[in-house]
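First, the structure itself, so that you have it in front of you.
Which chain is which? They are A, B, C, D, E and F, in the order written, and residues in each are numbered from 1.
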Amino acid sequence: MDPSLILTNLLNPPILFFLLGMAATLLGSDLDIPQPITRALSLYLLFSIGMHGGVELHRSGFEPAVLLPLGIGVAASVAIPLGAFVLLRRRLGVEDAAAIAATYGSISAVTFITAVNFLEVQGVRFGGHMVAAMALMESPPILVAVLLARRHGVSANGEGAGDLPLGALVREAALNGPVFLLLGSLLVGLVTGEQGWAAVEPFAYAPFRGVLTLFLLDMGIIAARRLDALRASGAFLAAFAVGFPLLNAALAIALSALAGLAVGDALLLTVLFASASYIAVPAAVRVALPGANPSLYLPMSLALTFPFNIALGIPLYYAVIVALWS
Amino acid sequence: MDPSLILTNLLNPPILFFLLGMAATLLGSDLDIPQPITRALSLYLLFSIGMHGGVELHRSGFEPAVLLPLGIGVAASVAIPLGAFVLLRRRLGVEDAAAIAATYGSISAVTFITAVNFLEVQGVRFGGHMVAAMALMESPPILVAVLLARRHGVSANGEGAGDLPLGALVREAALNGPVFLLLGSLLVGLVTGEQGWAAVEPFAYAPFRGVLTLFLLDMGIIAARRLDALRASGAFLAAFAVGFPLLNAALAIALSALAGLAVGDALLLTVLFASASYIAVPAAVRVALPGANPSLYLPMSLALTFPFNIALGIPLYYAVIVALWS
Amino acid sequence: MDPSLILTNLLNPPILFFLLGMAATLLGSDLDIPQPITRALSLYLLFSIGMHGGVELHRSGFEPAVLLPLGIGVAASVAIPLGAFVLLRRRLGVEDAAAIAATYGSISAVTFITAVNFLEVQGVRFGGHMVAAMALMESPPILVAVLLARRHGVSANGEGAGDLPLGALVREAALNGPVFLLLGSLLVGLVTGEQGWAAVEPFAYAPFRGVLTLFLLDMGIIAARRLDALRASGAFLAAFAVGFPLLNAALAIALSALAGLAVGDALLLTVLFASASYIAVPAAVRVALPGANPSLYLPMSLALTFPFNIALGIPLYYAVIVALWS
Amino acid sequence: MEKVSRIEIVVDSLNSGRVVELLAKQGLKGYTLIRGVAGSGERGLQRGDDLTEVSNNTYILTTCPADKLEAFLAALCPLLRRVGGICLVSEAVQYRG
Amino acid sequence: MEKVSRIEIVVDSLNSGRVVELLAKQGLKGYTLIRGVAGSGERGLQRGDDLTEVSNNTYILTTCPADKLEAFLAALCPLLRRVGGICLVSEAVQYRG
Amino acid sequence: MEKVSRIEIVVDSLNSGRVVELLAKQGLKGYTLIRGVAGSGERGLQRGDDLTEVSNNTYILTTCPADKLEAFLAALCPLLRRVGGICLVSEAVQYRG
């Protein structure tokens, strides 16, 4: 295992700008990126990675091998929230436990994209189907969490009455904006192939790393603003926010080895397991489980797990994978 | 006439993303692009197409042949609203008829830009003066509509009193933001030529199709949201929203043939005739004819005519032109 | 001295679009760029120029010669506001004089960036350390102005009580958002060098001039909106807004000659001396000297000094420098 | 001109759709929405800086005849209890031209 | 401190300039504008998502001494009748520091 | 439900932090902020179009029990005197679900 990878990763513009953003907030600078820009940058990244993944899939074709990581990913997106819920229920109420379980069962697209960027810097290839795996893993944890909460007598409207029918819930989770854009872009990339890629490449690919860099600056600012709220969470949840991803990463590496995934795909699967959502899931949970405290699940995922994965997790997982695979 | 063109057109990223946006809204996804971004993308497209057209004009020089399509366009932008008003008055009040007449007499810059993109995919050239034609056709219908309404006793302030002087109206129509930006960019392109183009090309040209793709995703979302409001319009107006553009397209093709325009220019003139405004005209009409119902003129143009032209109209017009010209 | 440079400068897309924006507002067009976009464009420019400067510094290394213009710049950023204050106090109250002194002592990043663009069009090189000089000159004038105001008995909270401690003030001035982003990007560029530049270049450099062009359109709109407010300033302040920059420019050219700076660096130093802040300083002054009238210091710098420097000053200073240096 | 109860509601943006539905159900067709609003309350800071609407509030202004107020509040309060937020009621005179 | 009439107006953004002009004519120099506001009323939904301001409202808050109110409303109401929108008047005490 | 003083403050955005601090000091934990607001007053036009917040106002809505009002105003008014802006106080009934 090569620890210098961590330094190499830290000395890349995207990560340095993430740290710069955190520093700005922590030092008290008023540096701020307007919210519509934050959202536009994140939509751009989803669009780009979706098209890119779709085109890669178009190139490689659908081999059966492709279905294996997809299957592992979807299974994990059901199993991980179940495990997390059991762990968290020791300390938390039903809704908070379910909300955090959904958060950590789901994935962080930005962490995934940063890992893709890491692979490109290392010159390691990955399969376009990993983007599909990401899209498929995003929503199931929401359903799992709501079902868990319902089994424990909690409903979206409170007082046990007037619940959303399950069908509506499935639909809403699958139609979540970011998930929809990602899946749609993947589909367009798959359908239009090289010709479609040629049309969008100068927009979607060439400036990609630069946009990611600016976006991570913004994420650093936003993440650091949530550090304050972490105090409310206490040591147990802070430990969970780093320990649980490490557990998931170990699991993902083991499964990747068993499944014989290539290095690039293994890293991406690991990052999907180890990352926690701070876009799709918090939004869905705010509506489906309004009794859960957003100042628990959001800061944990955004201010701890995300920076940890970005700065240390990705090179660490990669070093382990490279060491094991070789 | 080659019907496969329609499929080819549909399978391009810009059109697929437009359909994706419509699907998102119709299926109930909360996918949304912040409004400042929507506006910025549309300003970018106007800036780019304006510069591009100006530089093309700089290259080709002002031959007298160039004035012919400009003349046809401007004449149409006066005649079409007159015709539309007569047709519409059978069913509608003065202000609504005038507002819709202005909408269909004017043009849709995004439809034009999509047609330019279509031509570039087909490898067909077009003249920079067509961008000038677009700019010149945008405003006259507003004046025609207001004059029609006044002749029928309707004034901007109601109760017949305190009307805007006509000069102010002309000025306002010509200084409309999008029109001004388009004309200004055209002028800068014309003045600075190759040197100016070199300065902005990596920004204005290379990512153009990608930006258009993302913008059409947004337009799909926005258009689909207006489908609801169409119910209020009834079958007559829905038929008008598709039938009237087809009529105008036929007229444009006939005139282009008579004038001996090249294929690319003929398609663009046809698209100008057949498209309806949903930016400049609705904004001007809301102020000049506040009694007209915006939930008639806006949804017709945005939710019916625009998608029709984008998805079917452009390849259809092109197929007809190619068949007739060869 | 070659006066045709002024025309050459005026006929560049960035300057033409600036004039177009001014024309739009003055003619009464409703052309408008949404505020989040304005801010995003300005952050992009700071990010790009910062990275660019940092990478240039990485390439050239820190020679002692580099420290000379930095030293001159910082000294000027203390001396110029002192001089300005003395001049302005003849006509104005303490807070207004201090606020305007800070404005003209500090720098305008957009003017600097336009000068960089001018140099690139002329094919003249400049040193990355000039970006550092800009960053270092931005904040000191704020401190000088506050100290001057305090010496004259004015405090931030009024009524002499509850002042911000000086340390907090220094911190706040140095942590001002734009300054922080500029310094941070410079640092990242310096640290990551060629490799970092390769990562962001297609985003940060290729479209730079195009973005600047669109941004100057916006600045033209915003500047022209402030022309109205100038009437309140009177002839003295209007003369100051053009005369004082010319004085500073002459000083800068003399010092550059003495210090033996190269042509490119001399122009940039001159532009730093001659430009006035309308981002960092007005924001800081609004808080630190709330009794100063923002409709004096903002319009002077934004609606007079900025357009003057952009359109005439830069080529003028350059012509003088080239004439003297050769 | 009409005497009305002026009702303003602040609720997190993701749940504002529920309030709007409730307005419709109660027959209140006129309302104004201000999105992207920040705030502070029992559920902590809403910074309005998020990638989603999670940290945003929506401000809703509506009016109703005094006799419809009670029914409206009876429907609104359980929702606010569940999702958080606040409702202020004051008196106003409404003009519609 | 001063007792005032608190006036709030919601009107579509493209016509908000007319209201602002009217404020000036009536000598009301202090006002606050919130742009980009959504809403629903007799003229249907204003979604606030447009490429222009067509589907946007503007919220305007101003105050005036009680004795100027009537003249102001007499000027405002015909405009609202023509372009749509709503005006609410309530009582408040104004502090200016 | 509770009778409260409804307080709304408009102040330039760069100085709005001071008002928020003051709310905290006075124990007012619930408030709503609308940023990016334009306006006009004794200090001229605030256009809301700037590269910074210089030309922006912030609108702040809060409530307090009638007996805390006086202390709050005593703290707020000197600040408004220094930085400009306006404060309106009216009566309302507050519901929290």
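Criterion: a residue touches a chain if its C-beta (ideal position, glycine included) is under 8 Å from a C-beta of that chain, and two chains touch if they have at least 3 such contacts.
Worth saying up front: this structure is predicted, and the values here are computed from it rather than measured.
The fewest steps needed to get from subunit C to subunit E, moving only between touching chains, is 2.
The two sequence copies subunit A and subunit C touch through a face in which the numbers common to both fall below half of the numbers used overall.
Using the average of C-alpha coordinates as each chain's centre, A ends up farthest from subunit E.
Comparing the CA-atom centres of all chains against that of subunit C, the greatest distance is found for D.
Taking the mean of the C-alpha atoms as each chain's centre, subunit B and subunit E sit 33 Å apart. The distance from the centre of subunit A to the centre of subunit F, each centre being the mean of the chain's C-alpha atoms, comes to 39 Å. Averaged Cα coordinates give subunit B a centre that lies 45 Å from the centre of subunit F. In subunit C, the positions touching at least two other chains are 32, 34-37, 39, 206-207. Of all residues in subunit E, those that touch two or more other chains are 34, 48, 78-79, 81-82, 84, 90. Across the whole structure, chains are in contact as follows: A-B, A-C, A-D, B-C, B-E, C-F, D-E, D-F, E-F. Across the complex, subunit E meets subunit F through its residues 4, 6, 29-35, 61, 63, 90-97. Of all residues in subunit F, those touching subunit E in their complex are 8, 10, 34, 37-42, 48, 57, 59, 73, 76-82, 84-90. Partner subunit B is touched in their complex by these residues of subunit A: 34-37, 39-40, 43-44, 47, 51, 171-172, 175-178, 180-181, 184, 187-188, 191-192, 196, 199-204, 206-207.
If you check the complex, the residues on subunit C that touch subunit F are 32, 35, 38-39, 42, 157-159, 222, 225, 229, 278-280, 282-283, 286-287, 290-291, 293-295, 298.
The residues of subunit B lying in touch with subunit A in their complex are 11-14, 16-17, 20, 23-24, 27-37, 121, 206-211, 213-214, 217.
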